[in-house]
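Both of the next two complexes hold chain A, though its partner changes from chain B to chain C.
Let's look at the complex of A and B:
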């Protein structure tokens, strides 16, 4: 197991290097000058020139990349062009918001999706099945921002129960965003868990377990779910990673200062150090999530461990 | 029901699932309730003014901040030397008076006495000198004071600004919100990173002092009871950064926030019908226009530019797209600024005349492309669509090329030999209540990468510009500014369209909020809730 872990971590380094190179080149090659954008409509060419020199943007691209890698090796992600704060501090301020959103969103998605999926698989082609899958379809088909706005309209504007957005010390600020983002994923989890469980329930070993007179609870929990859950965990892992990087709509609708919104603003301002830093952190998060998912497979299925 | 449903599915194991779910809900609820408890020392909601802005506040330091609403928020911490009244005239603020030297190259400011600052110090002329010097040397907006060559504090109450040549609008320019005065002791020797950090030490003579700065989320300010102009009414002001208009509006409707900026005319109409809310639309200093390439391409011919101007139904744009909340612009400078004249706008909507003028100019099958960055200016896409329809009526084909803002900014800054720009929708303003600031960029020395986007060149205009910039006689300068606007309206380097609305919404009992023409909140010390 340790060897497996070590091998995976070693592979991570070139992956992240490729990510840094690609992101660096892409953000620098798209048209637009951060100095001009940030200096705004009022700036004179002289101010723009000075800003470019201050930020080292007047140097050749490869020199800039080398300098970036050198700083990166020392744990320095650079300084934000827009805010003039260290990128590490900027990301740290926002990462917990995005992580909390992804965590609670995933929890909601798993609770709702798994329940709906199991119900549908156990009672296929009945009203329970059709009802659950309709909810799943609505979840998948409804745009996240629309769900968010409707939730705000009902629970904030009409009922006044929950805040319309922003952050605070209480989890109440995360309930609506988590439900909003989790509703989509709940649909995905429900459909995946239904098909996966239905397939497993048709296997010979399940028939054998039933023929031996095992209680249905034991058949589902002990035998069927263990195998059925593996593809569902893959989906959950992918959705969790997607939420970390792609929660921009939810973060915008609920005015949450998360990484997704931060990244979009940084791209529009051509804030190169921030774009590079956020992409690197997100890539690293994806690698860790995938690693975690792989380890979970091993935990659930001893054959994979071997 | 869910319990029954699951029990039917998998017996007791489903019961366990429900138990876990309920436990989760309980934990969530208890945490939520615990979070509702107010922290000790936090002002009550009625004593707190919460403002949601669509702009991100990237730093509390106005010398490095960008985005006018963000600059307005930061100006609660610092303060300015002058403010502008509704007619664009300077009102003494931290500077209680000023005096010009005979050659009008030196301005002497007398600083208000006994102005307390949030770090406990009393403001001196050195604080003013230091702040101005810092702005001139480092600020992104430093071009506003580029004519100033030397700043001195000869004694405790006076500051002198010296220029190479006279610049009559200097006093008005000092009212520009970003030229903020801070306590030197609070920021001197500290890095930009430290000043932009969560625990920023920045302090000034403004009505509210910085308590907490969370980039991308909120800025919390507490009342500074010793504010020189009067004790602030609210104990706390919180600026929340909410980029989505619909989210800001719903936060206002739900009572989460008290004041919001940047709403559309359509939403303003809807909110105005709500008795618990009010809509504010103070005059705006920004004019939306379509710049035209005057040197090459299909619009290089002055007669074509004039003809097409007649084909644009600006009244209809204002009435139907902005629901009457914008104002047709009649000059390149905003009305109300010093030196403004709207007398030379002859381009009343007349498609027949436009058609005839094109025919006289021998122009047929005219096609051109307008560059546009959607979402930057409110309803600009709809405006261009309306113009496209107007032009189609006279047989002209206008293509709208939408671009992301960064790419757009780069495209309009290319020099003449490289540019492919034929026309571009953009916005311009006067930051100092003076027409000079709105029209100076049409001098030919400012061709791109400068701000003369249409590559406009007119010898008479350039001559007048040089005269006006160094004119010591204010009345004469006013006349020169009018003459310059006359040339612009005749040469049409841009189709000036309308003054953008400056729409805000607030709870109906909020009073004492002043908003500048640049969408900057003014010091909020008078803001309060009606009893």
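Let's look at the complex of A and C:
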């Protein structure tokens, strides 16, 4: 297992290097001069030139990329052009908000999606199946920001039960955002779990388990679910990664100070180090999640471990 | 001649795939809704009760009435008319961006899977890296480079779809290229490009057709997302996402300004998802009730 982990980690390094290169080049393609933005509209060309030199923006792109990599190797993501604070500190301030949002959103998606998927697969082509799959389809067809607005309208404006936005130590601030982001993914999880469970339920060993007289609950939980869950876990992992990157909409609706909103602001300010840092952290999170998903496969299926 | 083509048409309608599609009631509902939205988009100037840009500040945020069933927005424009015209924008974005995604992703993935080797490895690594970015993030970055606006939003969403198509067609090509008829075409002396584009690609298209329909749904959603973030269609274009974004500022006093554009987005996306599901069931009998 350790060897597998090591091999996977080694493979991720070139991927991340390519990500840093691509993001670096793309970010510098974005029109606009950060020095000009920082200096303001009324700054003299001399001031802009000095700022450009101060931030190293006047050097050739590849030289800038080289020094970026050198700093990166030392765990330094650079300094935000807008706030003049270290990018790592800026990201650290916001990462937990996005991570908690993605975590609770995924938890909601798994709880609702898996239940709907199992119910549908156990009673295929019945009202239960059609009902759960309709809810799943509505889930994947509804824009997350609209779900968020409707939830705010019902639970904050009309009923006054939950806050409409902002952050706090209480979990109640995350309930509506998590449900809003998770509802979409619940649909994806429900559809995937239904189809993979239905496929497994048609296998010979499930028929054997039923023929032995095992109760249906045990057949599903002990025999079918273990084999059906691997594709579902892949989807959950992918959706979790997507939530981290795609949380910008939910963060925007609920005014959450997360990475997504931070990235949008950084792009508009041409804050290159922040854009690069956030993209790298998101890509790294995605890679780690995939690694974790791969390790879970080994845990669930001994054949993969070998 | 006419009788023969009529017979061929009738035979096509009786084919197992079409029969399976027709049995899928939800897919028929989806198709019905797609036809409805398409007709609405085409005939928008005829069916919309008012011009989408007619503003009447005296009626700003007015609640729904018989004259204005969806109410008015902050500038006193009729929301129903704007929603009807919005169908044009959303469907155009969907079609154009799926077109861009297919136009780039399809040849890249097909050639990559067909010739294999280092070319395949490079293309797939690029695809992997692009897939590591959530599509909305990729679209935001592309829009940042080219600037906000309808055309750039279509380009951004299309580019974000390229890796999905490339991967899908490659997987399909890998399977098809091993078929006997491909060997037969080669043995008959067909050049490689002809084998690929005449024999392999047409037989690898089924999953792409299904994905294309489902992608239309996600492209419409992505357009709404970009519009919501102010990066898509710019005012006064009646785009559903940006209408919702403007409406949310008045959620407490005029919820109708946010509710109706959202319903339109949801129904359009739902229709393509229903249709796509039906198409997948029809083309892959594994999903059908036995």
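Everything below uses one rule, namely that the second predicted complex is superposed on the first by the 297 of 306 C-alpha atoms of A that agree within 3 Å, B and C clash if a C-alpha of one lies under 4 Å from a C-alpha of the other, contacts with A are read in each partner's own complex, and residues count from 1 in each chain.
By our rule, a residue touches a chain if its C-beta (ideal position, glycine included) is under 8 Å from a C-beta of that chain, and two chains touch if they have at least 3 such contacts.
All of these numbers come straight from a predicted model, not from anything done at the bench.
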One more residue to check, A:286. First (chain B), second (chain C), both or neither? second
Go through the superposed model and pick first if A:146 touches only chain B, second if only chain C, both, or neither. second
Contacts for A:75 in the overlay, against chain B (first) and chain C (second): which applies, first, second, both or neither? neither
When the two structures are overlaid on chain A, which partner does A:302 contact: first (chain B), second (chain C), both, or neither? neither
Quick one: is A:26 in contact with chain B, with chain C, with both, or with neither? Answer first, second, both or neither. second
Classify the contacts of A:157 with the two partner chains as first (chain B alone), second (chain C alone), both, or neither. both
Touching A:169 in the superposition: chain B (first), chain C (second), both, neither? first
So, A:60: does it touch chain B (first), chain C (second), both, or neither? neither
Counting residues of chain A touched by each partner, does chain B or chain C come out ahead? B
Examine A:248 and indicate which partner it touches, taking first as chain B and second as chain C; both and neither are also allowed. second
Touching chain B and also chain C: which chain A residues? 30-31, 149, 152-153, 157, 252-253, 268
Chain A touches which residues of chain B in the complex? 2, 5-6, 8-14, 17, 21, 24, 28, 31-32, 34-36, 39, 52, 56, 58-59, 64, 66, 140-144, 146, 192-193, 196-198, 214-218, 240-244, 246-247, 250-251, 253-256, 404-407, 409-411, 413, 426-428, 431, 449-451
Applying the document's contact rule, which stretches of chain A touch chain C when the two form their complex? 15, 18-19, 22, 26, 29-31, 124-125, 134, 137-138, 140-143, 145-146, 149-150, 152-153, 157, 195, 241-242, 244-246, 248-249, 252-253, 263-264, 267-268, 279, 282-283, 286-287
Looking at the complex, which residues from chain A come into contact with chain B? 30-33, 36-48, 51, 79-80, 82-86, 89-90, 93-94, 107, 111, 115, 118-119, 122-123, 128, 149, 152-153, 156-157, 160, 163-173, 175, 215-217, 220-221, 252-257, 261-262, 265, 268-270
Flag every residue of chain C that touches chain A in the complex, lowest number first. 26, 125, 128-129, 132-134, 136-137, 140-141, 144-145, 147, 217, 221, 224-225, 228-229, 241, 244-245, 248, 251-252, 255, 258-259, 262, 265-266, 269-270, 273-274, 277, 287, 289
